[in-house]
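Chains here go by letter, A, B and C, matching the order in which they are written, and residues are numbered from 1 within each.
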């Protein structure tokens, strides 16, 4: 019996839709299974950074993987423009990580130095920028800003447009999108997978778990583990403001539409995505220290979203030995890694093998007890 | 284009305000939105998205179309703010401006 | 205005429901704070009642002036009334009390309360017709506010358009002051008899019948009414210049300087939504309302909704519901027992029932036509972000399950009005596209602040060591 789909991708967020698009581009018949309108959607909570600086302390290959994605991002942006007619407003002018005290700056500089010195780390250059030099690139910077680290590889884009573009491009390439199809069970029968959803059954030769926090209960069904937990982050969004900022900062960026996004908080709050006034106040007060003139700009909205966090914060890419053809893909940098997912990871999945060079990202590493 | 009902004209103090630099005698108790309409301005801004002209629509604080710059502060809901002597009102062009070089910056 | 740090009951909104609720609570000795963003009390229905220059009682009518009794009572009460106060958030503090975020005079503060009564009333249903964003186009309610509070009326030619009792009230009020209305374009769908007849008996024994007929008579006597209008367009470059309408196959264009739109009112649910109260789709009123019991209690303990914010029923019902919400809050605080609460509720319960009778008839009769709730083409749906009906429909066709996904795709609903003027339109467009009822599609999920506050105000709110730790982390990204 001819099967309708080659691959079922579970999860229509940034990770799932990037993979699905990449697979559809390769000519595979892909079903993208998604939940309903109100769900713990990390993808609606993205900041929009396409960021290299600072990543990979503790897992050198992550630095290289991130750089690979960032290098191929213009390629992804062009493809999305072609396939979806959507411009994701990718800008890669380099980015700053601001520090609000000399101690913070020293700590940051030291961290980055240790990061790039790791064995096997794909090195890149970064600058430690003092206040004086910073004030020229970021006019209006507040007196409490001590300095920053700058990396030429950093950038940002419009994450909601990226999300919309991936979905539209997926459809344009013949993909099949199934919303309101929350996955209840996955079974492997006769060399194929049967996925039982709230909207009926899907049969596919391969299945990719990209359901974020939903991966945890699903992974064991295909002989995999996805030890992910929610980590709450909040963002403050300001109204549209006439352009004042030409670079992304790690915790503040001005979007192509003129609105301003302010982050970034990390809390272990379980599955609670309600807002905390105190955290918002802290985010706001730091932003006012960075750009005092924003004090009179109005907060349009705020949101809290749940990051999908692995135990060490690094992605988990794994293929199942028990159920060949099943993969789990999870990370908390769905934006930055979108190009790698669509253009690099998707072909490996299509080939049925993630490859030895990505073995650092299996959950094997999480079993190793690291020496203190 | 709005006119004051004859019974009402002259029943309250006049309050001097400026709109885009021009002096107008507003009526004490009017909101800034009402004062703009009474002065003949049915558009108080242009939108940040397409530069389209907009004016007050709901007059009760829910539509956010009545935004203007008041005393240097942009994006003020004029239908919620009563006029005050010496108030400087400017029609807002596009997005609010903050930062070094913007008018009214701290 | 200085805000107290804590109280027993916070009432949000000083319309009839809020006034009644606050008075009930203060009368029983509860420390009650009444917050309202307008400069004076009365909400929208009794807008400007303390300062209106329209002193001749027959102009605004007896119904309006009834509000004066509530305001007089407020002035003689122990209610701590704070005008110019915009509530932007209601969260829970540690320890279970509510923290109400208030912005007053450009400064934000938190007010702790044991009980919160939301009386934020209603707003006009969106009326998305081509050109509705042109300067010169305002709501009929807005025109009424301008007249009530400033004695201002639009210059001729003035066109009134839509459906619903407020339309006729405005026509009558304008006629009473000699302000010309060029014509009233009535979009009430014809051929409704079958739908409204079942409700007619209730209507005929309700307080609405006498008022309604008198109002219609007055409106008809003073204004040219065109019935059965099926299409409407506001025309002009840079501002309104003309109105084009169609009755059957006949299209007419008339010059206009002002177009006053109205097709009913819907509950203002932004605060109850952001708080996380459960809402339901009301198919009779074609809107979302919070799920409440007879006292107005929502699915969130300690949050009560009173007045039109719980479901459109008019000012008199709102007053009754306000009293009931106040009694409920008092009982929840332990200030009165259940028996006393029930005894004191009798009058208000009867009042609410009286004013609810006949509502279904009014709702059925003035149910806005599909064409005016489901726009097409270039008609703007989201005024803030300038998203068109065409864009919404195309995105819905992509398989968007609901308005939140659509919001993230299009920015529709992300502007400062937070969906107040587009939410219902979006829900209904998606529902039609998917072929499911609006109840299944749902509404935008709203977050604080429900009214904008400045970054500086937000920064001034209290932080904790936990919040600092959550943000200031000296670690690599």
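What we mean here is this: a contact is a pair of C-beta atoms (placed from the backbone, for glycine too) under 8 Å apart; a residue touches a chain by one contact, two chains touch by 3 or more.
None of these values were measured; they are calculated from a predicted model.
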item	value
Winner on C-beta contact pairs when B-C is weighed against A-B	B-C
Chain nearest the overall Cα centroid	C
Centroid spacing, where centroids are CA-atom means, of chain A and chain C in whole angstrom	39
Chain centre separation in whole Å, for chain C relative to chain B (CA means)	23
Distance from chain B to chain A - Cα centre to Cα centre, in angstrom	43
For chain C, residues contacting two or more additional chains	415-416, 452
Multi-partner residues of chain B (each touching 2 or more other chains)	75
Contacts with two or more other chains, residues of chain A listed in rising order	239, 294-298
Residues of chain C touching chain A in the complex	89, 91, 99, 101, 110, 276, 395, 398-405, 408-411, 414-416, 418, 441-442, 445, 447-449, 452-464, 466-468, 470-477
Complex interface listing, chain B residues touching chain C	1-5, 7-9, 11-12, 27, 29-31, 34, 37-38, 42-43, 47, 49-50, 52-65, 75, 80, 82
Chain B - residues contacting chain A, complex	48, 73, 75, 94-100, 102, 105-106
In the complex with chain B, residue positions of chain C that touch it	37-39, 44, 47, 51, 53-54, 56, 123-124, 133-139, 141-142, 145-147, 149-155, 177, 179, 238-239, 257-258, 268, 383-386, 415-417, 420-421, 451-452
List of chain A residues in touch with chain C within their complex	34, 36-38, 43-44, 51, 53-55, 57, 97, 104, 107-108, 111-112, 115, 160, 163-164, 167-168, 171, 177-180, 236, 238-239, 250, 257, 262, 264-267, 274-288, 294-304
